[in-house]
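First subunit A sits with subunit B, and in the next complex the same chain sits with subunit C.
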Partner chain A sequence: MKKVLLLIFLIFNLAQPAWAMDYTAPTVPDSGADLMPAQTETFSQGLSKVLGKAIGLISPSLAEAAGVCLSLVGIVMLHSVLQTMPTDVKKVISLVSSLAIAGILLSRTSSMLSLGVKTIRELSDYGKLLLPVLTAALAAQGGVTGATALYAGTAVFDTILGTAIAKLLIPMVYGYLILAIAGTATGSERLNKLRDLVKSFVSWCLKIIIYIFTGYITITGVISGSADATAIKVTKITMSGMIPVVGGILSDASEAVLVGAGVMKNAVGTYGLLAVLSVWIAPFLQIGAQYLLLKLTGALCATFGAKEPSQLIDQFSGAMGLLLGMTAAMCTLLLVSTVCFMRGVG
Partner chain B sequence: MDSFWQWVAGAMLTVVLGIALGKHSKDISLVLTMVVCCMILLAAAVYLQPVMEFVKRLQTMGQLDDGYGQILLKAVGIGLVTEFAVLICNDSGNSALGKSLQIAATVVVLWISLPLMESLLDLIERIMGGI
Partner chain C sequence: MDMGKYLLSVVTAALLCGIATSLLGNKGALGAAVKLIAGIYMTLSIVAPWGQLRLGELADLKDQILSEGDRLTLSGQNAAREAMAESIIASTRAYILDKAETLGVELTVEVMLDDSQIPVPAGVRIRGNISPYNREKLSSIIERDLGIPTEAQIWM
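What follows is the complex of A and B.
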């Protein structure tokens, strides 16, 4: 009797609690919470809801930006009154109107740059929360090598891009703007060349980081994906061959577990994609609208024959273009890595 | 638009009269030119007023700081008057006077735009401090 009781005690003592792994995507940051759909059946439905809400949100700032562009047109009209005059006074007035344009646009561009930096920081922070969850989910599906390689690569590139944008590229955009103002005011060709050099440098930095990241993702996806698939296949064959009687059943059961983990990972991934888009889309549309409006204003002002002011407006729109590139690069990095995690093993 | 053709005709007539009078009395010819120039400019100012109102309306729509608009308006006004005065000086053979007037106008335009430059510098300083 004692032996039976001891046996029962041991059985209960050895039993370990077991539960399903819980993979929950991190909550959307406050800036994207308003845009995030509460419930969505498919990714495309969610995307259309996010876009619809984002367009509604940016409308007031779009109207404000259009107003600023109209006042720029007014300044250029005033400036163009003196364009046909033969004396040198018009050069000074051209300087004054360029400075007025710079004063109006610099404060707006500065707030847009701050918005861009905030968005990039939020995307980076959200990525740091989302990627470990996706890594764990992919590892549970059998893609241990792929998950590790993807996570390591994305984390490194996320840090590199985030730091490069905040510490190097954004200050360089400010430098570009100040060179543009100085170049227009003084008409110095050297300053204009330096300005173009700064713009090219920023643009090339972004391109290089994204090219290297894409290359890394492609190579690791091919190598680690096939390694994981082979490992899963070998494990299944070993399991069904080595374990007598129940080997086949266990192998089929493991397949069901893997499929379940895959479904969960894709759900987290879809939520993550929509969350990233919710954080990114409104600032991107806002900056994009500013960019297009400034381009349009520059073209319109050029028709008045005001060369310097319209060039200055174009250069400010160029800065907006660089900022668009930065936010888009960070978002692309997160979207591509999330999709790679969702692609899974094989 | 019709009045524009009248100005052109008036200017042409003044040139012919100026040449004819110039042979006998250069002073009267110069005074005639100045008077007609003033009349044309005053007439043009009537047409410039709606343009200025439109520019002000654009500035109001953009909720632009009125200081910027005022500075620019003053600068353009100074520029227009200086151009006119310099051309009259050159016509009367006093190009040195015209050149000094240009320099004076440049200095005045720079002086009135000082607040604009200061506000821009403050903005740049603030941005640089924030980086």
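What follows is the complex of A and C.
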């Protein structure tokens, strides 16, 4: 009986470190609160709930986008009809229809760009709250080298990507649209080439940042993970070389702390992953739906033989594609780093 | 460098050059001159602002993030050490109390740890009524099993 009581006492005390270290994930931002599942213990269940709710949320904006696309089809049809008439003002018709298409799409694209920027800022801000918690939890779990390296890498790339998107890439998308409208209206080959250059530059920037980040995080994860695992092994060997009783006490305490920190880190990580997805998924689906509808409209309009207007619609869908790439890049950065933190020491 | 202003100036330059070359670009020598001037203007508007770019700010940011990473890691390490210390103190105290109980004495035990990264019991303060025989017996158990030398055992 005495031994049982002592065992209960020891278990209680060994479990205590898990409560002494309190790591909780930052609360999901308001924009993702509606999608965040109540239970976040299982990632797969949480993910399916987030997806289910997000699909329900985008239906109204889909209907609105479809209405815009129908009006575009109407303009292009009118353009095609006017082009068939024997007239000398074909260039003017082209210019007017391009401007009409631009007029309809610019406000819509602008609101999508604002939505994208807001989502990217929210993701970046949430990452800035989540990363310190994961870093401290990973360090508590023994991943000292990995925690610093992962935090530094993610924070640097998060800042670079966030700044590049807000200060360089989004203005470049506006520039791309202006060049696309001017190029279609004037038929200038130079403007079209410059437009293509701007588009290539934006997508190249995003790809380069994500490639370098993924490379850094993979190499750092492997190197620092094995360094930390070795350090933990060395500590265990040191403890096993001590007087058996005190060695056992230290070993049990160390094990309890590592397990406790690991459990908390994974709980924070799972919540963080779902929170990031909750913030990102609805705007991504909304912009994605707009992108696909514009692609479809562009393809449909091309069948009327209206080359320039359908190209302009395609270029607007290209701008949406760039925006999708930007939001996806920021989300990928946070998801990859969170998973690396969760993988921890290995 | 204000990127918004930079891009606006590049797009404006591109539009001006586009309009100028489409209006005058096909007119013989004048057209060739316009194309050349437009090319120079375009190149200058793209290249010139990059000369103002200062990369020092990026290095400062990197240093700032690295020191923040170190601070967070240290806080995690300290939290783990504190949790471990609490557990080691509790387990050591429980071990001593268990041994005291087998000797039939009731004691109050306070455990002190050293400052190393893995905290090791370095001393004990023991209060209670205990006979010299039992005290010597318990003292030697503490020294043998827990590695706490007799001089680090304070009996009160």
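The definition used in the following text is that the second predicted complex is superposed on the first by the 317 of 346 C-alpha atoms of A that agree within 3 Å, B and C clash if a C-alpha of one lies under 4 Å from a C-alpha of the other, contacts with A are read in each partner's own complex, and residues count from 1 in each chain.
FYI, a contact is a pair of C-beta atoms (placed from the backbone, for glycine too) under 8 Å apart; a residue touches a chain by one contact, two chains touch by 3 or more.
The model shown is predicted, which means the values in this text are computed figures rather than measured ones.
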{"item": "Which superposed partner A:102 touches (first subunit B, second subunit C, both, neither)", "value": "first"}
{"item": "First (subunit B), second (subunit C), both or neither touched by A:203", "value": "neither"}
{"item": "Which of subunit B and subunit C A:252 touches, first, second, both or neither", "value": "second"}
{"item": "First, second, both or neither for A:188, with subunit B first and subunit C second", "value": "second"}
{"item": "Touch count on subunit A, higher of subunit B and subunit C", "value": "C"}
{"item": "First (subunit B), second (subunit C), both or neither touched by A:168", "value": "second"}
{"item": "Subunit B versus subunit C as contact partner of A:93, first or second or both or neither", "value": "first"}
{"item": "Which superposed partner A:178 touches (first subunit B, second subunit C, both, neither)", "value": "both"}
{"item": "Footprint overlap on subunit A, where subunit B in one structure and subunit C in the other make contact", "value": "171, 174, 178"}
{"item": "Footprint of subunit A on subunit B - complex, ascending", "value": "48, 51, 54-56, 58-59, 61-64, 68-69, 71-73, 75-76, 78-80, 82-83, 86-87, 102, 105-106, 109-110, 113, 116-117, 119-120, 123-124, 127-128, 130-131"}
{"item": "In the complex with subunit A, residue positions of subunit C that touch it", "value": "3-4, 7-8, 10-11, 14-15, 17-19, 21-22, 61-62, 65-66, 68-70, 72-77, 79-80, 82-84, 86-88, 90-92, 94-95, 98, 101, 118, 120-121, 144-147"}
{"item": "Residue ranges of subunit A in contact with subunit B within the complex", "value": "64, 67-75, 77-79, 81-82, 85-90, 92-93, 95-97, 99-100, 102-104, 106-107, 110, 170-171, 174, 178, 181"}
{"item": "Of all residues in subunit A, those that touch subunit C in their complex", "value": "2, 6, 9-10, 13-14, 16-18, 20-21, 132, 135-142, 144, 147-149, 151-152, 155-156, 159, 167-168, 171-172, 174-175, 178-179, 182-183, 186, 188, 190-191, 194, 235, 238-239, 242-246, 249-250, 252-254, 256-257, 260-261"}
